[in-house]
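Here it is: the structure, laid out below.
Chain nomenclature is as follows: A, B, C and D, assigned in order of appearance, with residue numbering initiated at 1 for each chain independently.
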């Protein structure tokens, strides 16, 4: 199923007056795609999910399933969740405490008045897919977090909906289980090939699961793209910092043209840009800019001389497999993520600036 | 599933009815119902009479038992009649609230049935009572089933034992006799009292008060005004209060618990010399198991001057509900109950004094109930309480104020003055 | 404006509320309005109904019976409510104290509240009986008085008898309310107070009582409104006697209905209604009404 | 350790006094009901235990006592069921649906529980007599339901508001309409709460006296409280033995309810008037 949001807005009425939760959201989720909504808490991602589910009515804009209107306030159109044939897995799993696992999974089929024999078969199939075939008689209260989560997913799968909605399903699991479940979820979604909208605040989850990811902040969609695009070409400093193993270094720099070539001066160093990079930068901004350098891209070299940037090591944090080193340079403090041996505080080092993979932003974007 | 329950409930309620068993379901068939209350022995006898009526006329009658307390009996009847219920068809009314029932238009006129097939004409009954109580706006709305007048019961053995010639003619003589006998009897019977009467805060207190006030006292209705605060009435109330607090002749619970039944049980237990009560108590005092069997006499109530005593007209009158569903059968029952034969049975069995005059001349009655001769005179001279529709408000005020005086919270003068003022206010509402 | 609520959804929502509204309108608000209307009429069974405006209320002004019942109802409330709160608090403290028999204790305490007041009224009528009542047996037993005491004889005696019977019936209700308040107080506050070396009494006055204040206010107002409308116990135990000294407003109004004077009786009950209504406004504000549900 | 022991003694004495205060009158009632003479305390030796009073109260047809018991249970039962049947959807709507004006609705409902019965009863009587319902179950069940609804609605609302909202949303997504969501999810999950609300409603209705006193005239709908209040017995002066026997029998239903559902009642009552 193709899901499209066109200029969707949602405002809530509270004591303090109208609060816009979501504004001007345009999304297009393709058939069978696992589309992730990523963003900090309160960015409106869950609201978007609820709007897709029909639990909330949009204040403006239009939502379409396969081109058909399901919600359009101006045209007085609103299809209830029941008729949208949408399945959702809640962060709290929302299992019915008064029913056993079989009853929970069978619930949607029973509501749809499916024949009892086929219910038993369907439930068995869904349960085995999730590896909980032996838990059918158990009560939700007796299950572990992981098991409860699988039941919730089974309940969503069993009715073969045309849209899956998952609201941070892994957030209540412990770290080890989360990684395993993530892989399993990816395999399952691919196998069922159901269009899926997945909400999370965890960028690793977004990167590993999402076919495409929409980064949201303060009710707006900042950027949509494949995980790689978001990682490599963040359009705003926020995107840069939010995605990636460590926050991006943001330094003031100046882009200027000299004899037909584009240069970039940062912290007293003048770096020439390759023609490809020059075109890319010229399209974004010239003059004073914000330069984004990913700590994992910056390399420490023994020789502090040019073309490296000379700096003094301030501190070195041990993150297990890697080290996060902070280096004081003329252009400000730069952090470097390296798996090599970390220099000691006070050492003088040279930083090799990965200009090809750097990002350039408008100064006013980086508030 | 819930919808089905709701439907079941609604159907059940709509079918609900009011007078048939098992519970709350409306019966199609018409039944004649007769509501009456009273002491248990009376209720058993009513069952017997109704069986006899059914045997004779083939009309089935259902007895609706009511509590003994007259206010509660009135309340259940008022609720039924206000709601224009089909039952009861026939019921008894205390003479005190008959006027309100008549004025409210709840009583079907009996004139069409009088003097025909088994029902006596007006002339068979005490004319003064029929005129003053049972006639409303020119029509007969009720018939006296039995009439009452307060009488004085006394222990013949104790009077003889203490050399007292006979029943007292004046309250003063009663006091002397009581003090004398009480002093003697209390040696081995600490709970013995000279005189028991009705002092609790209820209708009975108003009757007793009118009798203490005597022929010259009492409550007059003059030109739409009800007069209660008179010097004679104040003297009577003072005497009543002194009986309890001053002379200690009447027990302390006189003004809290003493009603007809309490007084009867007290006297019947042999704990009192004199008892003021209604004639119904006579047969009970003579019944087996009563400690005063054969040593009880009855006499007219004394007055402050000899011969100036009076008796408060009580008694219950039988009426036909205007909303009943069995008018003709009801009238037959009324005719049956007020017939000479049944009135005689009531007199002999329950000691109820007939509302008709001929029974008093019956030789068997005169022989079995010797005091009836005197009683007829008492009844002919008995005085009714004010026959006005708002009597219950007047009575409520009197009950409260008289009881307050007996309880010592107000002096007799204050009590009557306050009562008079309150009555004047009430009447202004019903001008 | 709520433009995003479409009508159909709203109607379905209100349909859920409709039966409740219908029932309350038909069997509570309509009768109250009707009674209010009746109170503006001379409405007796034996006279035609006539509009007399505030006539009934003026008569009430000069009716000692009314003032007596107003005084009794007020006094009864002033005495019984604080007593029940104090006793209720003591019960709540006892009930909250962990003991093995707590379940039995709570059931035992709930019993008086569950028994209808009219039924317990008859039991107390026997308890106060002069000859063989329990009260006298106890009184003479522990030497409080030599001879049998005539409880219901004097107005003071009847008043105390009513207060005691009412306390017996409703203290459990208050205790349960306060128990909820007590159990809502976090345990570690007490541990903290103990660490600050506060003795049991200080803990009570510095921790328990202040935190219990909101519940106490709710219980106070709840009971005040309840005791203002007392009827069952008075009807059965003292019948308003002796001498009308224990007639409550409800009983006074009732007596006029049964006597066939609807107008005057309605006026009495409207006065009681206004009293209760004003207090209930206080109650709703005091319990910071309904925030949590919303 | 004396302070600790002192506290423990204080509590046991207190608990004993409390239970005596609450249970003595009930025990006295049962004692008099089961003894041959009312003056059981003073007569001492001459008293013998007898079930006579109970048999007489139940046996004497014209006392109609068994019918009062049936009436009380049916009327209170129906009112409790109706109150919960109407209260549950309303409580669901108030806690779950974004209905404008639901706060004023709750206010209106709560205000009702403050009304003194006497200010309703006279006009209610006229309504019922106009409908011809006096002395029928309808005359009591409908006003009783209206009377216990505010408390039931309030308690149900607090029970529903404790159920996680996601459960309700999950039901909607699983294809239920609002009513189905209520019936299939909310009600089963809140079942213990609903049961305790029904029991509370039953006890409140069972306790009602004024409405029953005025709206019924005979045995067809009269309830226990009125039956016992007007109980004059058959043997002249007040038959205390029989009245206490009737009273004992009358309270058996509520005693059983209290013993069986004591915890539910406590939580219900606290939710009804107090918000944790």
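Here, a contact is a pair of C-beta atoms (placed from the backbone, for glycine too) under 8 Å apart; a residue touches a chain by one contact, two chains touch by 3 or more.
Because the structure is a prediction, the values reported are computed rather than measured.
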| item | value |
| --- | --- |
| Most centrally placed chain, judged by C-alpha centres | D |
| Contact-richer chain pair [A-D vs B-D] | B-D |
| Furthest chain, CA centroid comparison against chain D | A |
| Centre-of-Cα separation between chain B and chain A, whole angstrom | 93 |
| Interchain centroid distance [CA atoms averaged], chain A/chain D, Å | 56 |
| Whole-Å gap separating chain A and chain C, where each centre is the average of the chain's CA atoms | 60 |
| Whole-Å gap separating chain B and chain D, where each centre is the average of the chain's CA atoms | 38 |
| Residue list for chain B, restricted to those that touch at least two other chains | 79, 82 |
| Residues of chain C engaged with two or more neighbouring chains | 2, 5, 258 |
| Of all residues in chain D, those that touch chain B in their complex | 62-63, 67, 70-71, 74, 78, 81-82, 85, 125, 128-129, 132-138, 141-142, 183, 214-215, 217-218, 220-221, 230-237 |
| Chain D residues touching chain C - in the complex, by the definition given at the top | 7, 11-12, 14-15, 18-19, 21-26, 28-29, 32, 38-43, 86-87, 89-90, 92-95, 97-100, 102-103, 105-112, 114-127, 142-143, 145-147, 149, 153, 157-158, 161, 178, 203, 206-210, 213-214, 224-226, 228-229, 231, 240, 243-244, 247, 250-251, 254-255, 257-259, 262-263, 265-266, 269-270, 273-276 |
| In the complex with chain A, residue positions of chain D that touch it | 164, 166-167, 169-177, 180, 184-185, 188-189, 191 |
| Contact set on chain C toward chain B in their complex | 42, 44-47, 55-56, 59, 62-65, 130, 150, 152-155, 239-245, 255, 258-261, 264 |
| Of all residues in chain A, those that touch chain D in their complex | 53, 55, 80-82, 86-88, 90-92, 94, 96-98, 107-108, 111-112, 155, 159 |
